[in-house]
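Across the two complexes that follow, chain A remains constant while its partner is chain B and subsequently chain C.
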Partner chain A sequence: MSTEGSVSNDREGPVKTGDERSFWGRLANWGPYQTLMSFVTISPRRQFFILAAFPILWLLTQHLGPMLQMLRVSLLDAYPVAPDVAQEFSLESYFKFFGDPIFWMPLFRTLIFAAVFTLCTLLITYPIAYFLARHVSRKNQMLLLLILLIPFWVGEIVRTYAIMILLGNTGALNLALKWLGLIDRPIPFMYTSFSMGLGMVYLTALYMLLPLYSALEKLPKSFNEAAADLGAGAWSRFRKITLPLTIEGISSGCTLVFLISTGFYATPVLLGGPSTTVFAETIAGFFHVAGDEWPTGAAFAVIMFIVALLVTGVFQRLMKSLRKGESS
Partner chain B sequence: MGDYKLNRRKFIGMTALAGAAFASPAYIRRASASGGEVNIWTYNDFVPKSFKKQFEAETGIKINIRLVDDQGKQFNLLAAEQPNPTVDIMTVAGHRFLQFIDSKLLAPLDTDRLKNWGKINPTFSESDWATINGEKWGAPILSGMEVLAYNSELVSMEEALTWDTLFSDKYSGQTAYIIQDMMSIVMLMLGYDGNMVAYLNDPDKAAAIVEEAKQFLIRKKPLVRKYYDSGAEVQQMFVNQDIALGHSWNGPAAALINDGFPLGMTIPREGSYGFVYTYNIANNAPNLDNAYTFLNAILASPEIGASMTKASGFISTYKDASKYLTDLEKRSTSFPEEQLANLQFFRAEANKMKYGLVDPAVEAVKAA
Partner chain C sequence: MRRGNRIVLACIYWAFVLYVFVPLILMILMGFKDSKFIGFPIRSWTFDWYTGIFSDAEVLYTFGYSVIIALLSTLISVAVGTWIAVLLESRKFWGRAFTFGLMVLPALVPGIISAIAFRIYARWLEIEPGMGAIIWSHAVHNVPFVTLVVMARLSTMPKSQIEAARDLGADPLIAFLRITLPYLVPAILGASIFCLLLSFDDFVRSFFLGGYEPTLPVLIFAMLRSGMSPEINAISTVALVLTAAIGIWAERYTRNANKGSL
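Moving on, here comes the complex of A and B:
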């Protein structure tokens, strides 16, 4: 039950004296805090540097730092070493790669797999993104996107095991085919480039889908309607309007998926077979199986990093020239 | 309940404490705590849960376990941490002793401080690999071997008595093995010393033998379903019926047998290799006395050895441990005498030369 006075207070809000101020109110009036704030905000340049400090520190310590450390290890003759053992700089680990062609095959295989799986991911996710962006009402788009995102709430390994359960000799797919009477004996889907490809496409689909959806969603419907009014068929409209105007999304999605695919380790190990050894497995071998040669593993990782960046650079240039060609 | 007032000093103090706690990895916090603990790097199930509980209750020493799954990882971690390691006890395979000893990562074991040393079967505690430079370097706890494991509903025991079956057309696409381990076994199949100790003074011959083994595995590559790395992988392949037979360590195979899976294992007539896991004390171990207390306690009773066998599937090195196993567990951890005669232990003397040749060969087989 409320009194008249309290109703009046509710309407006007609580009236606070100096002693009843909130924590933030007291902080704002606290002398040292005011001195600090006036020091921080004295000039736009100072504000910029203070705001930029944390992201820069993060990039340096969490991204660039480990990469530089990997580069350093790749240039050492031994790492880690026991106490009292001297380390020397050496290019021996790099010579090991360039001097022995047996190490080239897993690298080329990785690049080919990554390129093929990127293309497959694009072909599979483009129609889904198109349907979502162009044929689903805005109200339902978020709901469908959320449903597509559900598998990504769990980690890579769990999703990889889900593929194993699906494709194994006693997996759901073989059981279904057997139940339908289409096969007598299970088809060995697992430990092949098919199982590895399916796993990698499944794991990277989101990274392709979101840039594509974003590009398609921004495309005004009036462009296609105008083209249709002028007599352009569905295929012509797609080829001459939709595809060129979504090339940014294709480029971003392909770059992301390609780079992620080149670095995949657990998925090829779990789903791949004897003929699908990728370079990440070779690198990992040097860190813990093959004689514990960290510098060799680090050198191979640096080589892979540079090669992946080069391929991505060439791809980006190609996309840029395509965009220029379309616009001119 | 009284009012709790968060003043500025308390706020700053609590924030600093919470920040420091979150910033330091858990194992470092544990390692830097004063006494009352022992830090162990070991494989899953190598310290039985019931033993851990009892040991902690009786001694007040907390056991902190960091799981490892690879000898190389232990070596790298320890090398990176020396000369101030966070670990007291590690689990090194006997044939990897030399690498750790040469890098001054292990402390020699003072067996006079272990009153239960005599409870280890002398076959393991006194064998030639266990003594290096006149010192003992580890307490043997479990013994393993490379075996040919087979689904007994698909493959007969007679077929499994030779490694040739693993490479036969009949089981094409139904086999799996660890290439690195198979290199030693293939050398044995081809009539050579897979430890390569016999060729220490003849590196050219050693290189030729590794090349022969490599070419053999490349020729047989179309027949194999999967090159795998861990015991869990081969277990999964058997359970999913992705493979009918494969090379395996006896531990994972025995665990499947104990679970009732129709699996058998043999030591084929061409021979195979065995290894022994040991508990070792790290050089400069931070809790040396607690480490010895732990070793003494874990060696105390054959029942502890038996429970390690039950959990891991590997064979206990303790005297009389088999008395505490069920008939099924005994069957899954024992082999006929004629098969045991084919077994020899891995040796470390030629490891540097051997793995210098084998590692690139393994990559070549994978890449081929």
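Moving on, here comes the complex of A and C:
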């Protein structure tokens, strides 16, 4: 008890914690617990270290560890190896990528697809976020947002399958077009970049919508009213006020959607065709075979991650300078 | 002018609602089609696909397997995520920004890269592909979502309550368990539901870290690769109804809880 007194800012005498008969009271007065607590709370410094030790250990071993191990494997000549063979440092896996143009196309395609789909998502969701934040009463906002949230709780695979049914040769879209008399023969929508785009926008739209919505919602209506009073037209109000002040939302939404889009594996496999192979499929290919290609797969993953980070980094820098340019 | 804008924007909104709902509705309808052949039009209807999957031991087993993985991984994510949130919100310390960056890392790594990295790391730690590996990868991947939600809630907590408890003699642990933790309950529950859904829906990590037993999304994926069938629709529909219902319930619960405490 005396140690507890010293912790609680030298109150006079021993302090009783709660009711003696309650669980907490009994715990606080239990000998071993008191010894433990007096050990923990001997100084704020020690207390902080005990609080911090586990999270730091977890973050280093579980969050950073897998990435570092992937980097290490990408720099080995073989992995996993037989017990008596020595592993050697080698850049071979990286040379493999840069030496063979056959691998460049999927990476390039992944980046282009991700960028185009991100832009499409932005163009589709911006008016929706604007509508929700500006034209709907507070009470309905939540309801209308909730309606959009429901499909996004459904998993990636189920939603991809739904798109397959919509776009198939005997799918609903072809049936509807036929019924309208626009086509005689079904259009092969599936296994093209169109079906992939439709699927990916479907999967990522919410990650764009939410940052945009919260950025637009924070923007005071009075700004626009003031500009209107000063004679600014609708378009220039949007371009001079709304857009620059929501650039942060645009920037974070686009970054998120871009990173997610580059990482899709199942959706391109199911919705894409041979002409739309993305880098995720290339990487996965090295892990299906018996394991001796792991360094190559790891190196390709590292390359893709670095390129994706570079693209988003440049993009964010650009957005920042754009915002500064607009406001000055 | 403003009115015209409003109508156009409302149309875009409802068109988008159609875009996100129509594929799912079509998928649900197709699960009732009385033919093995996927495609429109549907001429006769049946419940056979549903009775089929509910008497299929493999499907039921996979369902239970996915639910257990979701529950266990959520338990780990919530415990670890809350702890990290308490650390990050406790005070400023050297390296806090770096710690925060490390914390969000798993949420920002693109799916395929995260799956590959976990696969390689699991091999290094000598974790066999299978249930344990999947639970572990889901748990690590979901930690940032818990931490972010709990941090947001912690930042709104009045400091005076903790100070009062400490003045009355509670040690830090008891003050945390009796004051902070009850205050965090809505955030923790909301985050757990979110983790459950993320884990239950996850494909890429389960696919690369799984052994011979598939989780539900992996099973659907494998079935799809060998051809579409209304059976897949029935399984997907059950999964869809379950996840959407849990999602809606959680949304309402967290909203009410947040309202109640303010």
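Just so it is clear, the second predicted complex is superposed on the first by the 259 of 328 C-alpha atoms of A that agree within 3 Å, B and C clash if a C-alpha of one lies under 4 Å from a C-alpha of the other, contacts with A are read in each partner's own complex, and residues count from 1 in each chain.
The working rule: a contact is a pair of C-beta atoms (placed from the backbone, for glycine too) under 8 Å apart; a residue touches a chain by one contact, two chains touch by 3 or more.
Small disclaimer: the values here were computed from a predicted structure and weren't measured.
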For this session: Classify the contacts of A:285 with the two partner chains as first (chain B alone), second (chain C alone), both, or neither.
Result: first
Seminar exercise, completed: In this superposition, the partner of chain A with more touched residues, chain B or chain C, is C
Exercise. In the superposed arrangement, which partner chain does A:274 touch: chain B (first), chain C (second), both, or neither?
Worked result: first
Exercise. Who does A:80 touch here: chain B (first), chain C (second), both, or neither?
Worked result: both
Exercise. After superposition on the shared chain, which partner residues are touched by A:106: those of chain B (first), chain C (second), both, or neither?
Worked result: first
For this session: Check the residue A:244 against both partner chains and state whether it touches chain B (first), chain C (second), both, or neither.
Result: neither
Exercise. Touching A:191, do we find chain B (first), chain C (second), both, or neither?
Worked result: first
Problem set entry | Doubly contacted residues of chain A, that is, touched by chain B and again by chain C | 80, 164, 168-171, 269-270, 287, 294
Problem set entry | chain B - residues contacting chain A, complex | 70, 72-73, 75-76, 79-80, 82-83, 103-105, 173, 180, 221, 224-227, 229, 233, 236, 240-242, 355-356, 359-360, 362-364, 366-368
Problem set entry | Interfacial residue positions of chain A with respect to chain B in the complex | 80-85, 100, 102-103, 105-106, 164, 168-171, 186, 188, 190-191, 269-270, 273-275, 277, 281-282, 285, 287-294
For this session: Name, in rising order, each residue of chain A that touches chain C in their complex.
Result: 4-5, 7-9, 11, 15-18, 24, 27-28, 37, 40-41, 47-48, 51-52, 54-56, 58-60, 62-67, 69-70, 73, 80, 124-125, 127-128, 130-132, 135, 142, 144, 146-159, 161-166, 168-172, 175, 202, 205, 234, 259-260, 262-266, 269-270, 280, 283-284, 287, 294, 297-298, 301, 304-305, 308
Exercise. Inside the complex, what are the residues of chain C that reach chain A?
Worked result: 1-2, 5-6, 9-10, 12-13, 16-17, 19-24, 26-27, 30, 37-41, 80, 83-84, 86-87, 90-91, 93, 99, 102-103, 105-106, 108-121, 123-124, 140, 143, 166-174, 177-178, 197, 200-204, 207-208, 217, 220-221, 224-225, 228, 232-233, 236, 239-240, 243-244, 246-248, 251, 255
